[in-house]
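Paired with chain B in one complex and with chain C in the other, chain A is shared by the two complexes that follow.
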Partner chain A sequence: MKKWSLTDRIGYAYTAPALAVVALLMAFPLLYTFMLSFQKNDVFANETKFVGLRQFARLFEDPVFVLAIRNTVVWTAACVAFQFLLGLLAAVAINQEFVKGKTVIRLLIMVPWVLPGIVGVQTWKWSYHPDFGIINHALKSLGIISHDITWTSGSSTALLSAIIVNVWKMFPFVMLMLEAALQSVPKELKEAAYVDGARPLRIFFAVTMPHIMMTSLTVILLLTIWTFNAFTFIFALTAGGPAHKSEILSLYIYRQGFQNLNFGLASAASVVLFLLTMAFSLVYIRFFMRKGEEA
Partner chain B sequence: MKKRFAVLLVFALIFSLLVACGGGKESSNSGEGGGTDTSSSSTGSGGSGTGTADSGSSGGDGGKTVELTYWDGTWAEEITPELVKEFEAQNPGIKIKVEYFPWDGMYDKFLVALRNDNGPDIINMAVDWTVPFAAMGKLQNITPFIEQYGVDMNDFYEGPLKTVTYNGQYYALPYRSEANALYYNKKIFADAGLDPEQPPATWDELIEFSKQIKEKTGIAGFGQSGSEFGNFTAQLYYLIYSNGGSVLNEDYTKSALTSPEAVEAAQIFVDMYRKHKISPDSTMENNNTVNRNLFASEKVAMFISGNYDVAAVREANPDLDFGTALQPALAERKPILGGWNAGVTNTAKDAEAAFKFVNFLASPEISPRYSLTFSSRKSAAGHEKYKAPEFQPFLESLNYAQAMPPIPQWTQIKQIVYNHMQSAMIGDRTVEQALQDASKEIDALLAGN
Partner chain C sequence: MRSKRWKKIFTFAPVYVFLLGLVFFSVFPSLWMFLTSIKPPNEVFTTPPRYWAENPTLDNYNRVLFESRIPRAFLNSTLVSAATGLITLLLALPAGYGFARYRFTGAGLLSTSLLFGQMLPAVVLVIPLYIVLNKLDLIDTHAGLIIANLSVTIPVAVMMMRSYIESVPRELEEAAKIDGVGNIGVLVRIVMPVSIPGIVAVSIFTVIHAWEEFLYALNFANSAAVKTLPITLAEFSGQFKIDWGGMMSAAVVISLPVLLLFLICNKYFVKGLSDGAVKG
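And then the complex of A and B:
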């Protein structure tokens, strides 16, 4: 047993409160949820029963749960892809030397991200509304559509309308992160490549991309985890509708837990969500980020 | 210098943390009088208050003064203190401490508290909650007190009485009752060539009038609620019950939604949106509050709601020329009864004193003042608050109003029906299929799975 030096002990004493908070607010609820997922526990039963994996079996028998998983994958993939692409575009654009008023542009682009989630979503929700909203009105005035589109309540458009709002909200974050990374690309390398005859696109892929690879991969990981767990957008915009077409896992958990008061089932679904996120993160970090470091 | 700054910063952070956590009582805002009702009418309308309570300390044993706690809703924060003062003046020796709860989550809080015998002495309950609470053994049987104090039970409307009766005994007194009625835009009627003084009396007429309105003016006829499970099922259930069907069988053990009357009614509901197209395109994302907004901005000619929306509509559009009428009938007319009851809990320190307060709230003099909608007392129907002509159809509806099955799974059943019927609304399933699937789930739920 290594003998704890005085510095060690002081160190642990200082971190002890923070560790206690983490244990209380993160470890304990996590473990409790795991325990709940093996029980039949809802507000009508007067005691809780241990039922093993039955809640998990119930989950996969529920077509809405399976649909929710599918929707969550589509939702995450689409959101992350477009958040990243739009953010990258914005970062590259604002990084060009000929752009004036960078501070003002940056400020304006930051607005979606800074706005409290609910506020932004409600604004979009009213804009989407066929009778009161400005989007349909504008599209009709421009002659692009002739009939109102029911954005948030149409089977084919509900998830899409939520994706648009999520991309709008998060791309400023991507832009911020990537802009910093872009600044770190040595100008001499780019100029050397230019002198050698490389076209701007080739310069971007050969010179710039490797330098922002680590940052990009981190950003994508963060976006994926956030989007996977995102709740506000779907809840406030479509409430999972119509008829569950835009329901994602986080909403499914909320419904089971807080509307149906079926805590056992909701916990089981939470465990599934946790495991999926964990699996993705582990695979991602091991394969992509290690490689990125070596590159 | 740097060190001093750092120390100062740390103190500032600690200080702000203490202030934030110390909190103290926020001043509670009183809820609007049932304005933004997003729940179905069968569970009462709540205000949008954010208040938290004075912590109800239940002291006062040992002799003369008894102190009772009463759990109320935040929408009553302006009226209840006044009533408590009057009661305490009339009843020296009884003190009432009131705690206010916002509508959101109220049922869950009450349920959990009662289950653990942590509840108050007197409790305010939506109509659907009383019998389940009584069945759990958490309410006092007040029939002896009713006899002792000679409370005239015939003065209560029939519907509300059923919601306080369990096994032939009374467990609470109703004080507030409400039912929905039809709002219609007189000007749009006139523009479409309809008589503005002749609102539709039958549901067929409602559909016909709406078609005419759509043809002549391009405006949608009726505001259907396609979203929000409470509003959706309120409209659907009205049609089912008025068509002679019902949601559950007689002893509340199985779903009755696959009966021909129920299927027919549900088909009418879906056809209104899909076939006749008399509701706006945005129906699937509209709840009843949006319908109210559409009505007030004259984008829809008719909608159905409680009397609490009269003021809201007037405020939104003072120039709106509208009228109210009984909900159009199908085979009959069965509006859903909403409202509130006051009861005594099984843990009440002094059941008789608690009953006195309940009786006070439900009396013909006090209940019209306490209720945001109408009093449950027939004798109070002539109260000056209810004189306005727009209120008459709502008052009359109370005579037909029927309470919903008072079982604890009722909210979940609404959600099941909503989930399946929504897919019928968007055309993914036929009405029969949706109701069959819903019935299977409901039967499983009621069997205790």
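And then the complex of A and C:
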């Protein structure tokens, strides 16, 4: 056995308490989820038995689970795309030199991001209300719709309603991150390109974009992981309904685990969610962020 | 001259219109929340809805503050958030210092696993955490919620603390050590005072996280004596139909501390939330 050096001992002493908490509250539960996913447990009979991969097979035979995966993909792709685009446009707009009152504009735009998530969801739910909601009223006054829309309970609008709320909540974060990155773009470069006769759009893609590439890629990765695993928005807004039309994986896990008390199946679904998140992150980092670093 | 001015207007106007639109999109729900909260019931439930509150009243607030579960939940949330913040700081400050200053064996691997831990979604842990807390008899207790919150805050806080301390020059510590100050003394008397901005950012991140945490609170708390504000707000309802006026005043009550904190220490607030999200 190698003896620990003084540096080792002091380093471990400082970090051990925090690392112990992480091991107990993250590493162990994660392993435990994997274990549970191979076990079928009967809460009422209080017995568990090893069933191998049978619960995973059951998951993929469940049309609701397959629908939940599809919903999760649609939900994540739509949310992240609009969060990023709106955030990028906002950052570029507010970064224009001539814009006055930047501080106030920034503060106001950041309100959705600062408010507790559930507050935003409940307020939107009230605004979406089919009879008393302000959204239907405004759209009708503007002549965009003629009949009230049942936003959060309509089978074609439930997921869309939640997507709008999530975009509203998170685009300010994108703006904040990208605005900071935009400020690092050297002015001389843009001016030089302008003198050379490049048009604004060309300057944006040739000069600005490369400078904010790494930040953009990081932000997109974070947004994807968060959205993929988001729970509050959909739970409080639509509860996954109607008829599972807006049910995403996190809600499926919640339903199986805490409503049907089927911890084995819920754990198997958690494992699937975990593996999908990890697979995406690894592929993304390997193919996009490494390349971004080289550029 | 004239065409230049027009050109200016054509480039300025769309940017301003776009920004105004974004401000409206961002702020309107909060305005609507506030307006609804000061409307009497007969103005809340009208078709078509009215934009303005004609007879503003504090009745909804009265109901929320004196007849609902919100005050109790406020207390629970305060307790859980404060404890989560304090424990996180007590663990993250030394750990961040250890990672920042000591190249011990396995430091790289351990900090990579913390980064990985920070990316681990809370949903994945909800089932096993429930089972573990249940075995420890901690379901429906404040301690259970605090412990569950730590699983999210600790990895993030350690990495935030570490990168802050790395940005502080280490000469002072070296000098103190030469003067014979012990390891704990260096941490408490030298490192802590210069790390105040980092400590504030970490505290804001953890407290805000605990204040709005939903998934764990929903599943690990059952009784009104433990339930936190987000859950109480989600379950807010009247006797026969949802009391939207009351719900919106409750939403204002929950948001107020956060908005105040945001306005008072804007810089730290943004740093806390964004560093917590990105740097980790």
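By our rule, the second predicted complex is superposed on the first by the 289 of 295 C-alpha atoms of A that agree within 3 Å, B and C clash if a C-alpha of one lies under 4 Å from a C-alpha of the other, contacts with A are read in each partner's own complex, and residues count from 1 in each chain.
We adopt the following convention: contacts are C-beta pairs under 8 Å (C-beta built on N, C-alpha and C of every residue); 3 or more make two chains touch, one makes a residue touch a chain.
Computed from a predicted model, the values in this text were never measured in an experiment.
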item: Touched partner set for A:Ser153, first chain B, second chain C, both or neither; value: first
item: Touching partner for A:Asn260 - first (chain B), second (chain C), both, neither; value: first
item: First (chain B), second (chain C), both or neither touched by A:Phe38; value: neither
item: First (chain B), second (chain C), both or neither touched by A:Gly241; value: first
item: Contacts of A:His137 with chain B and chain C, given as first, second, both or neither; value: second
item: Touching partner for A:Ile225 - first (chain B), second (chain C), both, neither; value: second
item: Contacts of A:Trp75 with chain B and chain C, given as first, second, both or neither; value: neither
item: Broader residue contact with chain A after superposition on the shared chain, chain B or chain C; value: C
item: First, second, both or neither for A:Phe84, with chain B first and chain C second; value: neither
item: Partner chain(s) touched by A:Phe65 [first = chain B, second = chain C, both, neither]; value: neither
item: Where chain A meets both chain C and chain B, residue numbers; value: 129, 131-132
item: In the complex, chain B residues that touch chain A; value: 108, 111-112, 115, 226-228, 280-285, 293-294, 297, 299, 408-409, 411-412, 415, 419, 422-423, 425-426, 428, 448
item: Contact footprint of chain C on chain A as seen in their complex; value: 4-5, 7-8, 10-15, 17-19, 21-22, 25-30, 32-33, 36, 86, 89-90, 93-94, 96, 98-99, 105, 107-120, 122-124, 126-127, 129, 131-134, 137, 140-141, 168, 172-173, 176-177, 218-219, 222, 225, 228-229, 231-232, 235-236, 249-250, 253-254, 257-258, 263, 266-267, 270, 273-274, 277, 281
item: Chain B partner contacts - residues on chain A that touch it in the complex; value: 43-44, 46, 64, 129-132, 148, 150, 152-155, 238-239, 241-245, 255, 259-261
item: Footprint of chain A on chain C - complex, ascending; value: 12, 15-16, 18-19, 22-23, 25-27, 29-30, 32-33, 36, 44-49, 51, 91-92, 94-95, 97-99, 102-105, 107, 110, 113-114, 117, 119-132, 147-148, 150-151, 154-155, 158, 183, 187, 211-212, 214-215, 218-219, 229-230, 233-234, 236, 244, 247-248, 251, 254-255, 258-259, 262-263, 266, 269-270, 273-274, 277-278
